[in-house]
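Multiple structures are listed underneath, in structure tokens.
Two complexes are shown next, each including subunit A; its partner changes from subunit B in the first to subunit C in the second.
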Partner chain A sequence: MLSLFIILPLLSLMVINLLPKELMKKIGTLMSLILPLAQMLVVVFIFLGILDIRPGPADHFFKFNLAIDNISLVMLFSIAIVILVTLLVERHLIPDADERFNFLNLVLITFTGMNGIVLVQDLFSLYVFLEITTVATFILISFHKKRDALEGAFKYIILSALATVGILSSIALIFLISGDTSFAVVHQALQNSRHAFLIDFALAIFLGSLFIKGGLVPFHGWLADAYSSAGRAISILLAGIVTKTLGVYTLIRLVSSVFGFDTEVKGVLMFIGALSIIIGAFAALGQHDFKRLLAYSSISQVGYIILSLGCGTPLGIAAAVFHLFNHAIFKSLLFVNSAALELQTGTRHMDKMGGLAQKMPITGVTSLLASLSTAGMPPLSGFWSKLLIVMALWFSGHFAYAIIAVLASVLTLGYMLSLQNRVFFGKLRPELENVKEASFGLLFPMIILAGIIVGVGALFPFILNSLIFPIIIK
Partner chain B sequence: MEQHLLLLILLPLAGAVLILSAPQRMRFFKAAPALVITLVNMAIAIIVFKKNIIVNFPWAGFGIDLSFRLDHFSAFIIAAVACFSFLVTLYSSVFMRLKPGLKQFYAYLLINLSFTNGALLADNLIILLFFWEGLLLGLFGMIALGNKNSWQTAIKAFIIVGIADLCMLLGIAITGHLSGTLAISKINLPLASPLAIFAFIMLMIGAISKAGSMPFHTWIPDAAVDAPLPFMAFLPASLEKLLGIYFLGRISLSMFQLKAESGLSIALMVIGVTTIICAVMMALIQKNYKKLLAYHAVSQVGYMILGIGTCLPVGIVGGLFHMLNNAMYKSCLFFTGGAVEKEAGTANLEELGGLSSKMPITFFCFVIAALSISGVPPFNGFFSKELIYDAALERGAIFYFLAVLGSFFTAASFLKLGHAAYLGKLNPVHQRVKEAPLAMLIPMITIALACVLFGLFNSWPLDNLIQPVLGQRLEGISFSGFPANTKLIVITIVVLIFALLNHIFGSKIYGSGLKAADYIHYAPGLVNIYAWAEKGYFDPYRVGMKFIVVVAKVIFLFDRGIDWLSSSLFVNLSYGLTGQIRKVHTGNYAHYLSWSLLGMFLIAMFLLYKH
Partner chain C sequence: MIVEIIILSVLMLAALWTVMTRSILRSAIGLAFVSVMLTYIMFRLSSPIAAVFELSVCTGLISVVFISTITLTFPLSKEEVLQHMKERLSRFWYLPLILILVGLAFSLAQVKLNLTLPPPEVEQDVRNVLWKLRPFDLAGQVIMLLTGVYGVLILFRQVRKK
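Here is the complex of A and B:
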């Protein structure tokens, strides 16, 4: 019944639009909360072995070729969490009920698309779901129809168009060579093919296109503008999970299941990863806008994931997936923090803030936890994934990259603490005297996410045994 | 009986708390409780004398028990400590009367008494260490109560003694490890392994530095000038000598099996004679009453270490007897120094002179103590020195020669001191000087009397106090009575006569008693050494401090370098790079598009080229 992951969000989209609209404006979001919650539960049940996925009646109608493994489980869980958080904060960040309803629709479409990307097992369906998610994302970014949001969305569209062309051409070439689009068949066909030139070309443009989607240097031009100009609720979704699913997860799946790792692909991945880490971190150092800083930090962190993936070892892939999960958590938390700050102070400019920890203690503490997790401070969750990444690099013999990864965490700590310092520490500025803590609706997701950061960090041995090792052994 | 042992430690401590908590205005209340408590302490010490008492409370686990043990060795030292404490308190009650910091002085005095008793009674190395290190507190406090320079001196003493105590800590740890127990009475280690030798050396450093031997002595002459005088008579002259030599005796007699053939024995003797000669040479040229005495306080330790270092029964008996004698005459000498300073207002020998007519009793006490320290028969110093000479000669003529040479200089410097302070012309400003008050005279007279009695009737202290410590080692021999080796006595007397002739010769040439030793001071070769010594080139503390300043400068520069790297170079580089990255991000989508295309192209080229 894997297709339910795709069908249910789609179905609920239909339901809330068919039912009386005035009612749905009020309770639609609340109803939709069931979906991510149910998905989290199901994932946990599958994970614990309580629930077994069998083909059911729904699979007869929708003949997708779907499969699930530990990586997809982690992705499904991350997607559900970020969607849940987005839906929880939506009511506080989008005042207008009509807009909120439209937003809900788009979120559900994105949800559908992302679940599809995670589960599909053939190239063409992958393309379809990529496009569904991307198009929904365009609209989400330009949602408020402000000038900079439109500009950000426009840049995204232009670069995404390039990516779309690239992906489609690549799929076409692969279809030409192998005669099929299913991952397994294509993988077999590519191994035995004589068309090395075409395969390399298809691989190159596929990789490049996914780098655009994932926002890796030098394909990242759209990312900072899109993240920072998008609405407050949207950037949580966008930065937390969408680009990671579109770009990074797809890359993991494609390289590990379709093209396979060879020395050159590893080299490209690791080089692009390291470049993104360094450029992203340095760019983040120079930012004054809270969300732009987080955007560049995203580039840097995605760099870590790709660098780890580039090891090509099971440990490297496991570390990449784990870091992806952690990143989804701490980056969503930071974007919720930034939304709360912008809502309470009316600005995103960090030089206009200062000393807010006394006025917004929970926001301050949770964002500090998220920052430290980003920088890889033990015992928070981010430390363990960075440790695994460095270990993966070291054991696979890439010492220089391992050292870069370690040194770059210093940079990460640098820009993250500079953010904390400018926003939360120091003297309270006089004009911020009347700032209050954000409402409970925003604090609740913050606390949950911070709890996950601390909890995963503290329970890491359990995670390692039940989540990481199965990926490695497989 | 057990409670008596605890009282020895707790009573002075309680007294210290009482004095500290007394109101500032009750001036009388400072000295009186201290006098009462030291008197009671003396009574207890006499009650428990010649008894063997063991008190044991299991305490911290890991073999760290709160255990105390009184045996003959510690009992007679405790009795001696109790007597000196009482006499010093009595002396201070007048001497310190109008000085500031009276409250702290008596409190520290009682704390020192309590901790000394604790260290003497401790039967567990950790408990010993606690009291031993605790003495640093009282030492620092008492020195710091002196004049305005005393703070520096207190720090100096604290660091030197603290370093030596650290060595002792290490030694205790290794000893505990080697023997498997921390109970002092159960430890008996052969000095076979290098580790055991190292442990012995570390413990020895702790012991001899407490006694004030070279090279851990340099704070003592400074303290003589800066600290209140009763402190000198109390700690460096008596309590610390007793405690340090007691512990040296403990480690070399019972805790370790120190043999006469071993290198450690030679090392101890070398330390002993070096201390004797170097310190007495420094004493010879001093122009300050108290400082001269302070160097002698160092020099005399050399005899005790030499005596114990010989590992011969006669030497050990001599060393321990000398420890007791030295504590007596040295505190008496400091008392006379204090009396002179109090009455004449100065301790500078150049301003003193002819005081014998004004202060006859003080002069009398000084003469007896000086004769004692110079080893003139029949005073007590003579007998203990003869025993040490006997042992030193058996171990090597050079040790004997240097010990006798030290005796020559000792006699010479006391002739000079007595001549300069008490004889000669009276300084006109001192016309109205009076004899010291009774409370200061009583301790002096008591001790001077004891010096005579311990000399004339030396069989009582030797048979009752010293020789039982060695027990079986003596094999029934007694060293009491007049020394058997008449040749040595003749040599000693000849040396003393030479010292007298030398003094007469020196004071004739230079015209004054003070300058009698100047021809030695300004002898070719020696004059430079003296100049360097006066500048502190031989002071390990000063040399160490200079070295530390250099090290600190290097570390500071290194730190600045790191600081420059991290907060200047790296930061500027990072921000430079960041600025460039920001410049490149123009916000123009065409640029971004071209980057992406270029990137894709390069990846394709790379893959195609490589495959």
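Here is the complex of A and C:
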């Protein structure tokens, strides 16, 4: 049953390439929308216990070693939402039908790769799916073949290749110690092994490589260039979910289920997390390009997730997963806003904008909601996850880090309000007099995502009981 | 031991040539040569499965990606190549120096990591590993390779058309 999460996107890929291409250029995206919608439904059904997840014939045939828990469910749901939004806006952001068709193929490969990362229970299989997603991402970044996009993709390839070598070397060392690569066996072997130096060495390489994939400071060099130079639709996918799955989710999964939390691991995670929060926030303050600001904001928000994970407590892990979900939603929304603004005004330079709330009210309101949620303003979704992160830090005795997290939220509010002020408030510039609100195709996903931000905030007690407590108890 | 050192030195030189050469065709040949050297080292280290994989994937399949790229792109003019090489040398002159310094530091410090471990008990039959133990990973690697080929087609086909 679980293997369908991997097989169905692949089957769709085959179907849209086997059927007449001219027809698929027209209805391929529409057909593919069924996939993320179905995934969201299935996740909800599994979560409610309505759907059984017993192994099916495909699981037996391919010897799939897959498993699902509440963390995977949250990730599968986040992946489905961001893919859905990307497919919804694709038609409006990529005018050329051929390019759109190629983009759809790459999105489906990325979808397969990300679902695989979330479900596999084996280090080598994890590596394979990490690479599938990474290769598709290289191509996506350089998709429009513009000079800065190719430069961004090249930086990503070089750093990602380093991470790949690191991950593979680490897996080889772990295999040498444990004789197997499945999560359960490796976990047991690492607990009982006498080769402490070798384990620490393998762990250090693995963590460093995942920091590169997640774009954490000091390995963040590629991220701002890749996010800002990639095409509009691609940025949504990349910033919304791809780097979060490649680097952040993998880190959460491996540290919490395989490597375990020892003092050094916790220390490194918290230090890197705090460093990313601060440097990301200060870098965001100095930006003039809308997308670059969002890229640095992403580094800062991912820092919160890693800081929370570094607590090593169940509350810390639950808060990290919850913030990961919230971040996927509000960052996707902000990138859709950015795409709409660029499309309507022809620029991403914030100093060339101003007063656009009059002309683009829905884009303005949804962007404000996403910005406030990023800054952790109550009662929006981001407030609750940041509150849980601060609580996790405080209860685990990391008072200094808790204070850093709170103070950095003020910085976040600063750069987010500066963004709103420069783009949407103030006097409308004369050259923007003819700007119109974005088309319904872009507004619809904005409204859905803004609805989730408000809804998750309002329904937090339900989410706490049904989703976060089960993660904590497990 | 001396044989391993010679092979490793040749491998490093070939890898350097692969990265630094101005022609993508020579780069592909260099990569294939690196793979062959690596295969031989793996075989000498009693890892026949890894050796077979290295030979089949890197020397065989990756060459397909290279050939597709060569077919779909145009080479730079002589002037462009010279300019490119000059810029590259002036920008990265320090890289070989760093490599030599790191090597010297390791030799002088006489670092002994003592990482000897008994080899894990694993299946030695390639057929069993590929088709019975890890078919899932095999499928994944096929997808990865196809994605690479697809990427080459998307990125370079239109360049060729122009």
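Operating definition for what follows: the second predicted complex is superposed on the first by the 474 of 474 C-alpha atoms of A that agree within 3 Å, B and C clash if a C-alpha of one lies under 4 Å from a C-alpha of the other, contacts with A are read in each partner's own complex, and residues count from 1 in each chain.
Here is the rule we use: a residue touches a chain if its C-beta (ideal position, glycine included) is under 8 Å from a C-beta of that chain, and two chains touch if they have at least 3 such contacts.
Quantities reported herein were computed from a predicted structural model and do not represent experimental measurements.
> Given the superposition on subunit A, are subunit B and subunit C in a clash or a fit?
Fit - subunit B and subunit C, as placed by superposing on subunit A, sit side by side.
> May I ask you to decide whether A:Val365 touches subunit B, subunit C, both, or neither, giving the answer as first, second, both or neither?
neither
> Look at A:Ala224 in the shared chain and tell me whether it touches subunit B only, subunit C only, both, or neither; answer first, second, both or neither.
Touch status of A:Ala224: first partner only.
> Identify the partner contact of A:Ile447: answer first if only subunit B is touched, second if only subunit C is, both if each is, neither if none is.
neither
> Applying the document's definition of touch, where does A:Ile158 land relative to subunit B and subunit C: first, second, both, or neither?
Only subunit B is touched by A:Ile158; subunit C is not.
> Touch check for A:Ile68: first (subunit B), second (subunit C), both, or neither?
neither
> Taking the superposition on A as described, I'd like to know which of subunit B and subunit C A:Gly116 touches: first, second, both or neither.
The answer is second: A:Gly116 touches subunit C but not subunit B.
> Rounding to a multiple of 10°, what is the angle at subunit A's Cα centre between the Cα centres of subunit B and subunit C in the superposition?
150
> Closest pair of CA atoms, one in subunit B and one in subunit C, after superposing: how far apart in Å?
Minimum C-alpha separation, subunit B to subunit C: 9 Å.
> Overlap of the subunit B and subunit C footprints on subunit A, residue-wise?
197
> If we count contacts the way the header does, which residues on subunit B are in touch with subunit A in the complex?
Contacts found on subunit B: 574-575, 577-579, 581-582, 585, 587, 589, 591-593, 595-600, 603-604, 606-608, 610-611.
> Touching residues of subunit A toward subunit B in the complex: what are they?
Against subunit B, the touching part of subunit A is residues 154-155, 158-159, 162, 166, 196-197, 200-201, 203-205, 207-209, 211-212, 218-219, 221-222, 224-225, 263-265, 267-268, 279, 282-283, 285-286, 411, 414.
> In the complex of these two chains, what residues of subunit C are touching subunit A?
It comes out as residues 113, 115, 117, 119-122, 132-137, 139-141, 143-144, 147-148, 150-151, 154-155, 158-159.
> Sort out for me which residues of subunit A touch subunit C in the complex.
10, 61-65, 102, 105-106, 109, 112-113, 116, 124-125, 128-129, 131-132, 135-136, 138-139, 142-143, 145, 175-180, 195, 197-198
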